[in-house]
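Notes for the one structure printed next.
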Amino acid sequence: MEPVNVRWYVEDVSSHCADIAIEGLPGVGHVGKLVADHLVNVGNAVKIAEITSTYFPPQMYLTNDAVLRFPRNEVFFVPAKDSQPSYIVLAGDCQSTSPEGHYVLAEAYVKIFELLGVKKIYTLGGYGVGHMVDKPRVLAALSSTDLKDEVVASGAVLNKEEPVGGIIGAAGLLITFGRLAKMSGAAFLGETSGYLVDPVASKAVLDVLEKLTGISVDKTSLNELAEQMLTEVSAIASSIQNKNAEDLSYIG
Amino acid sequence: MEPVNVRWYVEDVSSHCADIAIEGLPGVGHVGKLVADHLVNVGNAVKIAEITSTYFPPQMYLTNDAVLRFPRNEVFFVPAKDSQPSYIVLAGDCQSTSPEGHYVLAEAYVKIFELLGVKKIYTLGGYGVGHMVDKPRVLAALSSTDLKDEVVASGAVLNKEEPVGGIIGAAGLLITFGRLAKMSGAAFLGETSGYLVDPVASKAVLDVLEKLTGISVDKTSLNELAEQMLTEVSAIASSIQNKNAEDLSYIG
Amino acid sequence: MEPVNVRWYVEDVSSHCADIAIEGLPGVGHVGKLVADHLVNVGNAVKIAEITSTYFPPQMYLTNDAVLRFPRNEVFFVPAKDSQPSYIVLAGDCQSTSPEGHYVLAEAYVKIFELLGVKKIYTLGGYGVGHMVDKPRVLAALSSTDLKDEVVASGAVLNKEEPVGGIIGAAGLLITFGRLAKMSGAAFLGETSGYLVDPVASKAVLDVLEKLTGISVDKTSLNELAEQMLTEVSAIASSIQNKNAEDLSYIG
Amino acid sequence: MEPVNVRWYVEDVSSHCADIAIEGLPGVGHVGKLVADHLVNVGNAVKIAEITSTYFPPQMYLTNDAVLRFPRNEVFFVPAKDSQPSYIVLAGDCQSTSPEGHYVLAEAYVKIFELLGVKKIYTLGGYGVGHMVDKPRVLAALSSTDLKDEVVASGAVLNKEEPVGGIIGAAGLLITFGRLAKMSGAAFLGETSGYLVDPVASKAVLDVLEKLTGISVDKTSLNELAEQMLTEVSAIASSIQNKNAEDLSYIG
């Protein structure tokens, strides 16, 4: 096995080209991953390529049939629908286990995007703020200032001070390697506590992405996930409050 | 020394071929290692190959004669006996010190299996559950759904939810790399606390393996190890109970 | 991307040569970085080269326009002015994420210095002492004993016992790799607590560097940083004292 | 810089050959290092080679003149004297920062030994037992059982159970790589607390080495180090006892 291995699932790459690539790999709050997985699930997505790598964790996954498989990232093609554009989604299990691997893998992903004729890359992720966020902002970072107006118009926040410390992993590297390959784009990070898988932040990120790209997908299942999370968080909060009240009950 | 080095101990590989390969390298509770070592000890095992690697810990082992040797994994051939099939055992000291090494080593092991004509790979290990287990289940994960019926019939449990997080290291990677080389198989993980070397879980795994393969070995020494462990655990438990009773004795 | 990538920003390297190279990459208290960045900011600095590397953290930085860029180190040419010599500055974002990378990168930096005709390398950093320092000494370490007299005359302290444990990273490696390339020089480490970004230590280091090289720069902004730090430290100290006084007030 | 670099300091290697090589690199209690450094200091040692490596820490050392140098290991030739044999000493600053590097470096050291005609390798180190040891035993581990009698006769202890976990780093790897190159030898580990640099354990190891090889060196300075350590340990012990007595004085 080479350090990075790309396996194509379609013979005819040219019929699966698209201007837009969207990345959502695992990261803070799985904010980007939830969006990318959702786009694949609700779209009429066709798997066109699979990436395996010795930079991935040596941890084999179980499929629904209890069959073992390599950890992998996947590239899907979502065909155009009504007035919406077709696009590519990079989704999957993992990121690199080493600093070097992040560079090598991001460069490999961008080469795949080049073969698919991609012009714009949007990367999705979370920005951990350490506390629960009611209405998560979506922070953006750009490939170039050209995109400033449209990104702001789509509801994202541009702020040179945030995310503090820049962007770690694929969400940042795809933008910088993409620029070297003449692709423009932006990273969108939804504010999230950092403690939970956060579909609420994912919804905020998806809203921005839809406004920006003209993509529009059924969000029922993502909304359900978000409601479920809010119910659970609120149940935990109540339980803590009740506990505190009990602890103080001897005072009364 | 190359990253991975294979040294053959037999000139005539073709007379040491077998359909079945069984892996039991060190891991959680040493569940797989105990089974693999037991198969080597009680069978009429012939060492046919040795693997050393710069991915192994730089820690030299002492033999019974206080002679130093490289850490190594070994491949044994256990000849057919009565109605039982011959098989190969991969046993030894260690796994990789790095994520990359896990991939490289697993691929090397599968290449050895190919040279030995292996068709089926069974990997053995433990699944740490964080508490003592009276009757350990044996969780299975497959190379393909074809093996489902026979694996379940042999007493293993198939559950896409377990092991949570998949399988780390050789036990998982040999199945996935094996499939690329047209070998089918399954990983069997015995439930274990994760805190102790656990011959009880090993016995459960060996039971499944025997039913599945028709292999049948004398288990006296493994039973003794298991009884010894149960006696020790129960002694510790009593001692803790007595201590607690003493601590409370002032109450009475 | 190669492990180390050098991109030149000027066509005519020969018109940007200088005898002196000054390094100030991130490190303890950012003492060296503050000086190097200051020299670039107040001088008429021309960026002549940029280094990116897979040894750098996979963390993309935001520019003032919220545009993402690779982490990078930069080489600047500061032209001669009045009676002052021209010089090269190596400044930037980061050092290596791995031990090996430190060696590989330092060797690459020295090769750049060679192309620029550098004869003397001065590396700048901090020496963490674990407590606040009123008047930070500047410890020096040399490429050879030839430089002893001029280094001591410039106000630095030569002491074979300090820094304890030698010098880690670029500040040390540029001197040793430089010597292999026939460049002489010295590392200057300003005493610092190690807990704070420390412009006071940076000022002390810059003073030594100026005396040694004949370079003289406007220090207004560095002085302001230093005063700001002292004000903040003193505010924190007062607040702690007041708090202690309050805590004891019930005694009175 | 290559991963491992060997620089020879003598033109005529053949006049610096010796049957015996002794290794004492940094490790537990610096037991081996103290012996190797002592042999170099009291013998008429000639430096014949120097090893630098990107596997070494990126930490430059200060010489007595505050001149920076690479971390390095060194090979010395100690000429025959009276009836004593000549020998080679491998001493120095460090071991590898990575598991892989331990293998690569040990193989490189053995290649140097081969060029020098070495037939026997004795490696020296400490065995940390977690408590102060009055009369440290010297545990041995062999390249082959042939050496058993002479090693035991020299006062070392052969015990397949100790050191528990085998021998990590150069002290073990030089024996196993040496055997591949037809050199025999033994590792000698002096019992030591593991908390202190321990010249007492070093003396015990040197005693064994002298009996085994016929080498005999002036031990004055090593004895002084040992006495100094014992005085300091005993002063600390008294101070703790006095402190305890004071703490209890209110009882009286």
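Labels A, B, C and D are assigned to the chains in the order they are written; within every chain, residues are numbered from 1.
Just so we're on the same page, a contact is a pair of C-beta atoms (placed from the backbone, for glycine too) under 8 Å apart; a residue touches a chain by one contact, two chains touch by 3 or more.
Because the structure is a prediction, the values reported are computed rather than measured.
Peer 1: Same residues or different residues where chain A meets chain B? The copies count as same if more than half of the interface numbers are shared.
Peer 2: Since fewer than half of the residue numbers are used by both chains, the interface counts as different.
Peer 1: Taking each chain's centre as the mean of its CA atoms, which one is most distant from chain D?
Peer 2: A
Peer 1: Using Cα averages as centroids, what's the distance between chain A and chain C in whole Å?
Peer 2: 38
Peer 1: Any idea how many Å lie between the Cα centroids of chain A and chain D?
Peer 2: Between these chains, centre-to-centre, one finds 53 Å.
Peer 1: Hey, what residues on chain D touch two or more of the other chains?
Peer 2: Nothing qualifies.
Peer 1: For each chain, which other chains does it touch, given as pairs?
Peer 2: Chains touch in the following pairs: A-B, A-C, B-D, C-D.
Peer 1: In the complex formed with chain A, which residues of chain C make contact?
Peer 2: 1, 3, 54-71, 97-98
Peer 1: Okay, in this complex, where on chain D does chain B touch?
Peer 2: It is residues 96, 99-100, 102-104, 106-107, 140-145, 148, 158-160, 163, 165-169, 172-173, 175-177, 187 of chain D that touch chain B.
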